[in-house]
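My questions will all concern the structure given below.
In this document, chain identifiers A, B and C correspond to the written order of the chains, with residue numbering beginning at 1 in each.
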Amino acid sequence: MLRSIYRLTRKLSASGLRSCSNTSQKLVLTTVDDKTGYATVTLNRPPVNSLNLELLKAISESLDDLQNNKSRGMILTSSAKTVFSAGLDIMEMYKPKPDRLKEFWSTLQDVWFKLYGSPFPTVAVINGHAPAGGCLLSLCCEYRVMCPNYTIGLNETQLGIVAPTWFQAALRNTISRRDAELALTLGTLFSSDEALKVGLVDELADSKEVAMAKAVSFLDRFKKISPQARSMTKQALRSKEIMELEDNRTQDIDLFVFAVTQPKVQQGLELYLEALKKKAAK
Amino acid sequence: MLRSIYRLTRKLSASGLRSCSNTSQKLVLTTVDDKTGYATVTLNRPPVNSLNLELLKAISESLDDLQNNKSRGMILTSSAKTVFSAGLDIMEMYKPKPDRLKEFWSTLQDVWFKLYGSPFPTVAVINGHAPAGGCLLSLCCEYRVMCPNYTIGLNETQLGIVAPTWFQAALRNTISRRDAELALTLGTLFSSDEALKVGLVDELADSKEVAMAKAVSFLDRFKKISPQARSMTKQALRSKEIMELEDNRTQDIDLFVFAVTQPKVQQGLELYLEALKKKAAK
Amino acid sequence: MLRSIYRLTRKLSASGLRSCSNTSQKLVLTTVDDKTGYATVTLNRPPVNSLNLELLKAISESLDDLQNNKSRGMILTSSAKTVFSAGLDIMEMYKPKPDRLKEFWSTLQDVWFKLYGSPFPTVAVINGHAPAGGCLLSLCCEYRVMCPNYTIGLNETQLGIVAPTWFQAALRNTISRRDAELALTLGTLFSSDEALKVGLVDELADSKEVAMAKAVSFLDRFKKISPQARSMTKQALRSKEIMELEDNRTQDIDLFVFAVTQPKVQQGLELYLEALKKKAAK
């Protein structure tokens, strides 16, 4: 597991240093299957789908489109070969412009609201590593199919940071309170097998293709169910956590900005990025 | 499983069309065992114990009697051979009189309060199918023994409707959050075996007699425990959900009346009842 | 199991009748390992670590010391051979002086706050029986290692009393809601094996030495994790229950004083203590 984290860090570095990537390329690819009506939303910000402001905006807009078109279901996956999403792009936090930093966090909140509370059913096809923010995206979905030999988890404490309460809420909606407390304090990155065992993912699949088929099978289970009744039921179940963040959006942004702009945190990021540059130079 | 749902629907139809049944017959039979002091409350509205206003009132009154007599324990079961309760009587929702409709829902709330928060221990002997409202009654009890080859679940979404938050609360008090979300959005009807596996029921029993014996065994476990300490402990554990409905009784009734009286819902019920009539005529 | 409860009761009796023990002896022994920096806090009020005001104060002060010294981790255990802690000292409740009774309960609340919300990681090495208040102390820790052939549980209802909501909260943070409801209403005392199975403890260990080693292994898992991020994560997870008691401290004390000073409760305690004296005299 350590080796895979290391490899991921290498990729993260590359990603972090290229945050001004070619904007002509679409950050999110959405396709809709004519037969089933299900949409596949593919994260497409090479190399590791680091979640910067532009990618988050693109996800947010895709979710709006699906909702406006009364989608029958969505599959969230990645175009990268070994990474689902490496989580938040640390370049957004390093020497940030105040307005952009606020917008960054506010857009992440938007994505959480739209995904966690989506009226249509959602499945994550986790075809690669999914640490921190990557894990969060999958937890906001209603079902998770994962390919083997990757890692997943809200590993924030391992990075010296704290998963916000709404990250925690999505985990507590999925696994037991006991397992969630251990996972969050330890910052556990679970292997695919461990994730299945603890209930963090629902199924394993040997390839992305098989995983996609399983995702479709899950969505098919809602075929004969009234979308409106389904949606209202889901939202009633998830309403407490949704209202809690709604009531605290501004404070939550302020807290994030305050934490990120602490001199100590900025120094830590600087050291981290320098280390990454040296690694990349080798 | 599909066949059993079909058979149940046939019976439901008969029930629905006979909502003005012979009132000289007792809708709830209560007996008290002289030795143990335990009461058996038997739902007795043939053919499938559809919960109409009169049956709900009879249940509510039985629960009052038990509480006033400081009952040591209650077993809830059915006089029907293959159905515990088919759930709410749809005839209460079709072309309803406003006052009766309100009273119907308010009485269901009463039953929920009295059963979910009862001072005495409660066991459901589920000797037949228990969909929707039938499942709810069993979930309000503290222990569930089920006979094999039946189905149970809050299958509201399969019927195009939404289980209210207090239905959901009773399920979430029983099985894991994860399983509850899947069960409620999918409207899952579990087989007896599946129900045992997911924790929706505590034990299976080959016959009603064996199930009754197991229910008595459960109640016996409280023999040496102070009824007052037990009751206060139970109510402390269940107080949040109870207070939540108490604080929202009127809004909850208004919401139900609003939903039921929508023209689309009434049209749906009309089509459904006509289909049932045709089936019954065959 | 009944035999072990009986033996425990015999010891409790001795404890109850010697509440004015030799105060020159330290009620809590704290040692810190030079290598690891982990503290071991050993309850040391023979014979059964009944929690009286003085012992609770000593625990509270030890927790303050650890927090002030930015402890890296704590192991809570007992110097008694077969008892972790027998729970609250009933002599504090019998013919109490009003001020001392209030201080007793308030100090128990303090211990709960400091242990349940401690910034440093905590493990209970349960090297003997842990009923009621003894179980509570272990539940406030983040990890539990238990030696075989003892019993543990919030068995308050078996003693005719009610576990306060904050006792219940610590149990619900550890095992499933369903298991917690059954355990609390039945007042279940679990054997070590049963406790492991239900998740009430995390590991078993054949001896106190092995248990201590397992506790150190758990604490070692946090070696590379930022103590501040860890602590904030833990406190976010546990904040709801902590705030709930903070908001209700005074009412909770009043409720306790009211309950304890009821004539019926005092009569019950008198009968109980007389029975213990007779047993002790044999």
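Quick note on the criterion: contacts are C-beta pairs under 8 Å (C-beta built on N, C-alpha and C of every residue); 3 or more make two chains touch, one makes a residue touch a chain.
From a predicted model like this one, the values you see are computed outputs, not experimental measurements.
**Q** Tell me the rotation angle, 0 to 180 degrees, that brings the C-alpha atoms of chain B onto chain C, to the nearest 5.
**A** The two chains, chain B and chain C, differ by a rotation of 120 degrees.
**Q** Looking at where chain A touches chain B, is over half of the residue numbers used by both copies, so same, or under half, so different?
**A** Since fewer than half of the residue numbers are used by both chains, the interface counts as different.
**Q** Measuring centre to centre with CA averages, how many angstrom lie between chain A and chain B?
**A** Centres of chain A and chain B (C-alpha means) sit 40 Å apart.
**Q** Could you pull out the residues of chain B that touch at least 2 other chains?
**A** Chain B, residues with two or more chain partners: 176.
**Q** If you look only at chain B, which of its residues touch chain C in the complex?
**A** Residues of chain B touching chain C: 121, 142, 172-176, 199, 221-222, 224-226, 228-230, 232-234, 236-237.
**Q** Note which residues of chain C are touching chain B in the complex, please.
**A** The touching residues are 156-163, 165, 168, 176-178, 180-182, 184-187.
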